[in-house]
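Per-chain numbering from 1; labels A, B and C assigned in written order.
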Amino acid sequence: MQGAAARRRSRLPVVVGAVLATLGLLAGCSGAGALGGAEGVETVTVAIVSNPQMEDAISLAPEFEAENPGIRLRFVSLSENEARAKITASVATGGGEFDIVMISNYETPQWAQNGWLTDLEPYMAATPGYDRADFIPTVRDSLSYEGRMYSVPFYGESSFLMYRRDLFEQAGIQMPAQPTWPQIAEFAARLDQGEGRQRGICLRGKPGWGEVMAPLDTVINTFGGRWYDPQWRAQLTSPEVRGAVQFYVDLVRQHGQPGASQSGFSECATQFGQGQVAMWYDATSAAGTVEDPAESTVAGRIGYAPAPVVATPSSGWLYTWSLGIPQTSPRKDAAWRFMSWMTSKEYIQRAGNDPEIGWTSIPPGSRQSTYQIPQYQQVANAYAPLILDGLQRANPQQPTVQPVPYQGVQFLRIPEFQDLGTRVSQQVSAAIAGQITVDEALEQSQNYAETVGESYQR
Amino acid sequence: MAVTTSTPPDTQGPAAPPEPRRQKRSAANVWLGVIAWVVGIAFFFPVFWMVLTSFKQETDAYTTTPKIIFEPTLEQYEGVFSAGVGPYLANSLIATVFSTLLVLLLGIPAAFAVSLRPVKKTQDVLFFFISTKMLPVVAVIVPIYVVVNQIGMLDNIWTLVVLYTGMNLPIAVWMMRSFFLEVPGELLEQASIDGAPLWRTLREIVLPIISPGIFATALICVIFAWNEFFFAVNLTAANAGTMPVFLVGFITSEGLYWAQLSAAATLAALPVILAGWVAQNKLVQGLSFGAVK
Amino acid sequence: MTATMERPAAPETTGGAPMIDRAEGWRRRAPLLPALIFTIIVTQIPFILTLWYSLQSWNLVRPGSQEFVWFSNYADVFADSQFRTVALNTVIMTLGSVLIAVVLGLLLALLLNRQFVGRGVVRTLLITPFLITPVAAALLWKTVLLDPTLGLINFVLTPFGASGTEWISNYPLASVMAALIWQWTPFMMLLLLAGLQSMPTDQLEAARVDGASAWSTFRELTLPHLRRFIELGVVLGTIYLVNIFDQVYMMTQGGPGVASANLPFYIYQRAFLGFDIGQSAAMGVVVVILTLIAANFALRLIFKSFSGEEEAA
């Protein structure tokens, strides 16, 4: 016993020493990257949302580094919710961890107003061939504050309806050029084969202002509903909103996918891609995923239609993932060099010609010139014109029939909306799960909305 | 008496029961053994399935009838490694090893002080330690973020080392205190009569006796530090991310990547699973040692 | 956050000199100080800041909104009906998971305390869930096991006509708890197995010779012996599960509605979604006070049993 203890004592320091030495080595390695390595090399830290197009960009980034030996890139790739929480906390407190942040048309104008973002106009003007005018006008405007752009779009999306052409033919249904929501409900009922089999439609039901609220808001808008009247009085229990939410909840409960209250974009992508639903109303960026034969069993059999409407002429949303530079970054020039590379016409060419990426997976919806590229037209003929059209027709200034005091189609561009939208989405999600009625959900939501509205009435 | 206590509980004692009863018992034992196996496999199966999925192509991972036979591929792991797992792994190692060492460095003397040589208010101190564990981490994350930001330690692995030490120290003191109570008082009195200084008493008499307990405590600290997610996700960015953060980075907003996610999850979980498997005997020994007294 | 618990009689286990002079007292206290100071700095300073923030109206994404508002954040917390729902969820989630895990852990420990082929392997299989990273475990439950169309559980249940059950939507709290129980049962099992193996065999042997039934042996000998192990398991389990975040965040995001949200997740949403620093700080303070009241009660119970046995020893 005593001998064993003595042996253990003598061996312990050796083991500890070895572990420490190894760690020191590891720390040294990772530290080298952190410090920027060789002299004169700037390390640019990029916070990015881990969507497929962004992952493609990360995989091409070494080429940028090869062309720009003075710049090294470090990516922090997080899924949407984490990315948003982290980036907002960092930028709002001046944390300064990031030189480039991926944000959207929700954040950009607000943060520009707060003075948190760098005005990009001088940088664009000093970059020959960048072609600011080539950005799709609605997208460009949504990233501007007082006419100046504070972030540049990587890709843009609207919403549209995807449907299985083969199933529609079998059932003898003709998709109208501009479908209405009642028509879609009728088609969903006809194509629904019952529980455990192929269902009529996939609609998001997962809580989150960027999940269920996005498609639902477009439905509310086109039914003539609104969140607030011009005096910031909450309108969530108005007949229009009630009708719209009831319609949405009924449709997804009666003919929608299984697990509806937990499905977001990715779950619906899986459902539709595996042939388990006949229609899917969602972001136009879905086309790249469901048309990829490696990931989808229904590629090539999909038809596309504009976002269904009721009382408005069009109803697609407007969303864009864009890149901005926080005011705190000391490496703005290097940051811009990379940003301008990633959002350039050349990048789109480069990605499209890459055998690993290909033309179906390029970042769409940012530049008008993308839609003139012959190779892209060839592969994306079925949906590309619809995306461009949807983006150009989206109207964040006047999203619904009646006037509103806020901007934005599928969100309200006020700082409180992340929390408000999420709380409301939780109620809607509970209604989709059947735990409460639509009226109860809207009653509670109206309370939340009133609290926020009051702070604007003052 | 001394002989019987050291006999493992499962061997037959000297007063063996008559033959027929023994047969009945062993038949029951076989059945209970089978049940234990079934339960064990059921508990393990999700982990097994995760590892299996990590060797699949994405299309094999999404089938309504689960696929057991498929052509295995290392593609998913290649994908995970090409995403740069190295720094995350190193960060997790640094955070885990150094926070655990720091916990032991601070915790062993503290546990010693509150158990072997109790002074006034030890119970209060003990209660204070354990009560800090009740503080919901989310309630202090914003102040921590603000403070860490102000001292320029955001995205720094040593910030996590300090926080993980604070997170594990109370439990470690609490666990080790019960191990220290196991040390016979006479040994210490002998040492104190001999006039040995405190640290020598600790090193030469106490530590050898309670080393299984310390090992068990360290293992628990390692498990919690390696697996910690909340601080890591909120306080790190490009430089100091740990494995759970790396794993979450693989959840894309645009679906259909179960197989790759499984590969990342397997890599994130594997080191601690292996360590736990290797050291499980020590863990049982340590836990029994401490809780008895 | 200070230790105000009344001190039970300090056990003099070492039987040291009854008169401890001042210098000796400090000499004995000294080894404790580094740990104590470290803990105070790391845990109490942020908490004091939280107290300060909780008295302010401060939205991080509305610059210039910071102002001192006394206790109006607290008034909002108590007026929030969801906060009460979430508090109740937290109690159910914590106590339910801990108690079920202890009972299952006890059954498994009894099974494993017997000799059978491959006992070591079975124990290895059983402890794995405790070791796996919670984030990975939550993903595993959400996708591999509970997915309505592709999940293994519905696949296994299909022959029984229960296919297509939407576990996470319809039973969100139970789904999260299942994942927690899966992870914590192995820990309880290990702890109780350690307890069983530390039992003196002569007592069991004597009981068997006396012809006592298995049940009465269990109730009168095994269970009392295991009591401290069970208490330790309950305390450690409760401490960790009351603050659980990863599983809720990864599996359900607290939904649908707030059906599966617990207090840590709810506070997180106010802080990192609403960026309402004052409100979330006030919630944090309320939670700390509630937890301390509950913990004081529970810990006093545990400490009583601990010091009681120490005196007996």
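Of note:
Here is the rule we go by: contacts are C-beta pairs under 8 Å (C-beta built on N, C-alpha and C of every residue); 3 or more make two chains touch, one makes a residue touch a chain.
The chain lineup, named per UniProt: A = Sugar ABC transporter substrate-binding protein; B = Carbohydrate ABC transporter permease.
Bear in mind the structure is a predicted one, so any value in this text is a computation, not a measurement.
Farthest from subunit C, judged by the mean position of CA atoms in each chain, is A. Ranked by C-beta contact pairs, the top interface belongs to chains B-C.
Each chain gets one centre point, the mean of its Cα atoms, and the points for subunit A and subunit B are 37 Å apart. The geometric centre of subunit B is 15 Å away from that of subunit C, both derived from CA atoms. Counting only residues that touch two or more partner chains, subunit C has 149-150, 272. Shown for subunit A are the residues that touch two or more other chains, namely 85, 89, 93, 270. Multi-chain contact residues of subunit B, defined as those touching 2 or more other chains: 62, 146, 234, 248, 251. Residues 1, 4-5, 7-10, 13, 15, 17, 29-30, 32-33, 35-37, 39-41, 43-47, 49-50, 53, 62-66, 106-107, 109-110, 112-144, 146-147, 162-163, 165-166, 169-171, 173, 181, 185, 188-189, 198, 223, 226-227, 229-230, 234, 243-244, 247-248, 251, 258, 261, 265-266, 268-269, 272-273, 275-277, 280, 283-285, 287-289, 291-293 of subunit B are the ones that touch subunit C when the two sit in their complex. For subunit C in complex with subunit A, the residues that touch the partner chain are 59-63, 147-150, 163-164, 166, 168-170, 252-259, 269-270, 272-276. For subunit A in complex with subunit B, the residues that touch the partner chain are 2, 5, 8-9, 16, 19, 23, 26-27, 29-30, 33-34, 45, 47, 49-52, 55, 59, 74-80, 82, 85-86, 89-90, 93-98, 264-270, 273-274, 285-286, 289, 294-296. Put simply, subunit C touches subunit B in their complex at residues 1-3, 5, 7-8, 10-16, 20, 25, 27-32, 34-36, 38-39, 42-47, 49-50, 53, 108, 111-119, 121-136, 139-141, 143-145, 149-150, 152, 155, 182, 185-186, 190-191, 193-202, 204-205, 208-209, 228-229, 232, 236, 239, 242-243, 245-246, 263-265, 267-268, 271-272, 277, 280-281, 283-285, 287-288, 291-292, 295, 299, 303, 307, 310, 313.
Across the interface of their complex, subunit C is touched by residues 81, 85, 88-89, 92-93, 110, 114-115, 195-196, 206-208, 258-262, 270-271, 276, 415-416, 418-419, 422, 426-427, 429-430, 432-436 of subunit A.
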